[in-house]
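All chains are identified by letter, namely A, B, C, D and E, in their written order; residue positions are counted from 1 within each chain.
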């Protein structure tokens, strides 16, 4: 609420005020994409298994996208997150398979290594004053190459490391990072006939994939940090104008390093989740994910120049991207046209959500 | 009927576009609708999700390639549990039956690489390079590994991007840097094989350096026919698209299904055979 | 008089091949307003940026409360008790007024992991402080980029005054201000000075400088021309000094003497 | 008196839910200097941006030389003969002084495909024009971002004056200027006015306004408070109007009357 | 020369003044990379054939990189250039092979279509106010998909269109876009024994690949435009601060549209050269080139935020990138380490050239 009423302000409705928040702009795109697929796609897409199906990749991408959004708000890029997914996956796989460590050790070690690499990225960016684009690009190659070399060493020449599922079987930490949550609830719902069953009698949706919970939790946490803590203020300030922030006493260097560590850790988290989930890792994991993470952030309204954006925007951006990529398989369009559709839908969704926001806020 | 094909290679990949053409032709011939799906890059996590999406639509049949049984296994298992008949193709012959897949149409990448290696060694090769345009793509890595084993002599892997100019320069660089190399194996005919032949030609060493390639392309076959390249390794991937779809269509209509796996390759296309397949290759059938 | 809070001795500052400061000596005592005057490009802003930790001097020494000191960042200087209004204001256009006001020094509530930015209190303080300066903001969450030039400047001043502890540095604070706001700022300077804060005040307006200044130091082309006490110098002498002794353009109207 | 060059009638301008201008009428005649005064946030900058084609008015009409007109871009306005010094100066920090000076209106030499930016001539003109304003630049290829605040403002003014044709709009041109530069700018205004150019001059300094102004229009909270001719009004009346009739803070020293 | 001598300026040497130019900064990187390979690589790399060998891909990349640099200076990105290479290649191939048009018609038509697509990109960016990153990203997908669909239609199902070399054989325009220039000179030099001969008696280098000439010519032209014409000034101004430029009378919209058209045309030029050269085109041409073009521009000193950079920088950036990617094949390092080296060398080259520039200009 404005603290003073002023004759130079026109009244605006609650809805207008709501839509003005950058966090909510991306909803327009989600609505549009949903309508599109409601019309064109097989109805299976919007059944419970269908929704879980497209939310899973959205969640994995979203974890990266939200971290990338925070870093972008802070004025930097991290092109190495895709490679970091492969690298952290390789490290994690080696720790649990070759070294036989329990998750309680392997996960913190993987995270710590990722954070260290992130900090190194940040340190080089700050120390040399080079754009983060080029520094993290170098790490894109280095980490990708290191994953390949590492895998070959630890598997005696293969580029694929297998047997993770067996190695973590029964570990008490595994349910936090793999599989489905609320399995009991879903079995009960299947018994009640609320969700369909497979022939084997198992419910068609065994539960909420754990990454969806991580995704929602991370989006909420990131939003809270950005909007309601001093750190959030520092992130916006750092990205908005580094000099002005520094001159006003914001610890710019600490903020940047922390953000690089955050994106690296987000990549490591995605690596751990997908490696446990698929039971294997290979040298091409996370390929191009850095790119998709940035797309997600931009769909969600982040400016490439920094200082503006939101985590909830990236959340919806990831959902849009997930819906479009998976959704096309529910339609009968020829796969050859896939990329044309993907591009067209992305453009439409973004134009639409932008147009809504402009109309509502009266910007020109 | 409705049959879904989920493959690990993209529709734009020359190799996979032939598979897709085969599947589409089978659909035409049997009257089934065929949806061909693949992830944007070699991405096992996304491929598993695409299989899940296919299962949700309860198709009458599912065709998958299985380059990573660990990652795709649970999703394929779900399809089997949901009562969908599944046929695997291209890769995964070794694990297919454990997952409940009915049969497999294809060739082991490793074995194909080994055959190529043996043949090239027979032709007198002493030192080779394997040009890999997508390092980390497990099926390509296996081709190189098989080659190294069958060849029995030293083999270096040269990683490249998917850019003909770069491939040509790199092959040339590798040959200039080590003059004892006399054998070049590439893993894709159009993207890598043709530039490799150009590189050898530019060095004026067509007669001393043998080039062979996986898969077919009209241009590369022409080179084979002209004697500039040794042979192309054909796994008749058109069959990998055509057969599973028609088997599944027959299965849906009449409950018919062959009893055993179908090996679609390897099949080495050498000089005399090359000329005949050029036209078919230009139409995306070979 | 009491000891200086901060004493800068023979400060030199080079940017690449540009010599911006060529040996400037300056000090501020508690409870005094020391005016820094000089032509455009004389080096005033560069000098106070050195004082507030933005630049490191190429040569020269800084004494803070008697001890030699070198600030590594503006944050260090702030923590030592130096608050600055920069000429370029150091504001982020895309952020709201409140967020700019408290940037780097956010008030929090709650404790432990629930410690969070107390936005309500911050909004309240911002509106109040701005009102004291004569600006009635429409809303504290308006982006600074949409404020008028003077409104923006007022935010920067209000912020520095609010957080000011031992030394308050103001680089041309009144340049974009209206009549009312200017008189408020000058009154504010007089007030904080009487509370024992040392004020460094940069201005091109002789009348403003004479109104609140106790001492006057004039810079010219990176060097000190000299320091005068209040009462030792009158408006037109000061004016001449500031213009670097060069002749002023002849003007019609009421503009004979002081611009 | 001659007909106005530009006449703006009942201009309104809204930004989203903010009402910045609420019906302002204003005109400029050739050879006069019309001062636009008012408190911070009154809407002065918004108004002159409407005049120079940056904003489109939400309501109201613009007449240029008797014909109704609407500028689609600042370039249109420029081509019609309106030169503006914006309050934020409209300069590119990373570019050199010369390149900023001629931005959008580069002098060329050669012909056909060999027509090229005549950098030597441009450098020469820039240095000359800056010297006329009282600034000796070190080098014309210095980046504007490294200039001092006043030097930067001088570049913007020199540019507008150099290209000025029929109307010259100056939004607080002297705010960051030193004594010498200010007197140069005021003298320049007097000079171009005598050449028949219409000048719109925004300032918070009553003395500057009275020195060169022929008419004075005061804005307050987006509306016109009234227009006065030179001689009809004295400094302290004008001062009161500009402050919106509100009381000024009481100050010690010589600052009793005019700030 | 500064017009006035001022006591507040320290003297600086001619070398210092030279190194200050952003155009020349990237030379440091080239020198470093050259020294590295002189030590580690087989001497074949720096023979005449070796140099031509790594300059050819560098030239193709450089044509894109210089255009991308100009667009980046103007404050925008074009992620669709890689796909445009495929799309324009497809169009060009269809025109010469299927429609049997002479080059004198096919080339202008291809260029015109590419320019139209570029203008469309620019128009959407300006009209919607969306970041060009997301708009051109959509076109990345759309054009890539369209190339695939188009190729399949025109070849009856294959993804490769052949026969271009035969179709353009003997066309009087072909030598401008394909093959090697100065063949006579090189044959003569081989006769004189100045360059080595192949066993067949042909010189080991048949001439200067035509793309290298285009590359050098384009670099010079772009530099001239950027530094010596009003358009160049407008590009810098537009990228430096769009509002300020607009307010100063720069035709910002025209500049941006023109730049988008330029990048699209550069992509079409590369497409034409490579298609004629390889005699065929396929749906994967230009894959990831948008990315490499941006890398090239950034290595060359362009800022991602716009308003700063140089064409000569991008020129050297492309050479660095080309040398590093091809050069490692000349070394005896295990090629599994390729990406690690690529990343490491990139980082080193950029850090080095940055350090030199800073030391020389005294920036901090």
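Quick note on the criterion: contacts are C-beta pairs under 8 Å (C-beta built on N, C-alpha and C of every residue); 3 or more make two chains touch, one makes a residue touch a chain.
None of the values given here were measured: they were computed from a predicted structure.
Steps from chain B to chain C, minimised over paths through touching chains, total 2. Mean C-alpha positions place chain C and chain E at a centre distance of 49 Å.
Distance from the chain B centre to the chain D centre is 71 Å, each centre being the mean of its Cα atoms.
Separating the centre of chain D from that of chain E, both taken as means of CA atoms, is a distance of 44 Å.
Averaged C-alpha coordinates put the centre of chain B at 33 Å from the centre of chain E. Contact of a single residue of chain C with at least two other chains is seen at positions 15, 18, 88, 138. Multi-chain contact residues of chain B (touching two or more other chains) are listed as 11, 135. The multi-chain contact residues of chain E, meaning those touching 2 or more other chains, are 8-9, 144, 148, 152, 336, 338-339.
Applying the touch criterion to all chain pairs gives A-B, A-C, A-D, A-E, B-E, C-D, C-E, D-E. Remark: chain E residues 41-42, 44-45, 49-50, 53-54, 56-57, 60, 144, 147-148, 152, 155-160, 162, 198-200, 202, 204, 206, 274, 277-280, 282-289, 325-327, 329-332, 335-336, 338-339 touch chain B in the complex. Interface of chain D with chain C (complex): residues 15, 18, 38-42, 44-45, 87-88, 134-135, 138, 146-151, 154, 172, 175-184, 186-187, 190, 204-208, 210-212, 235, 239, 242-244, 246, 248-255, 258-259. Only residues 77, 124, 128-131, 133-135, 137-146, 148-149, 152, 291, 294-295, 298-299, 303-305, 336-344, 346-347, 350-351, 354-355, 358 of chain A touch chain E when the two sit together in their complex.
In the complex of the two chains, the chain E residues touching chain C come out as 7-12, 16, 361-363.
By the touch criterion stated above, chain A contacts chain C in their complex at residues 2-4, 6, 8-9, 224, 228-230, 232-234, 236-237, 240-241, 243-251, 307-308.
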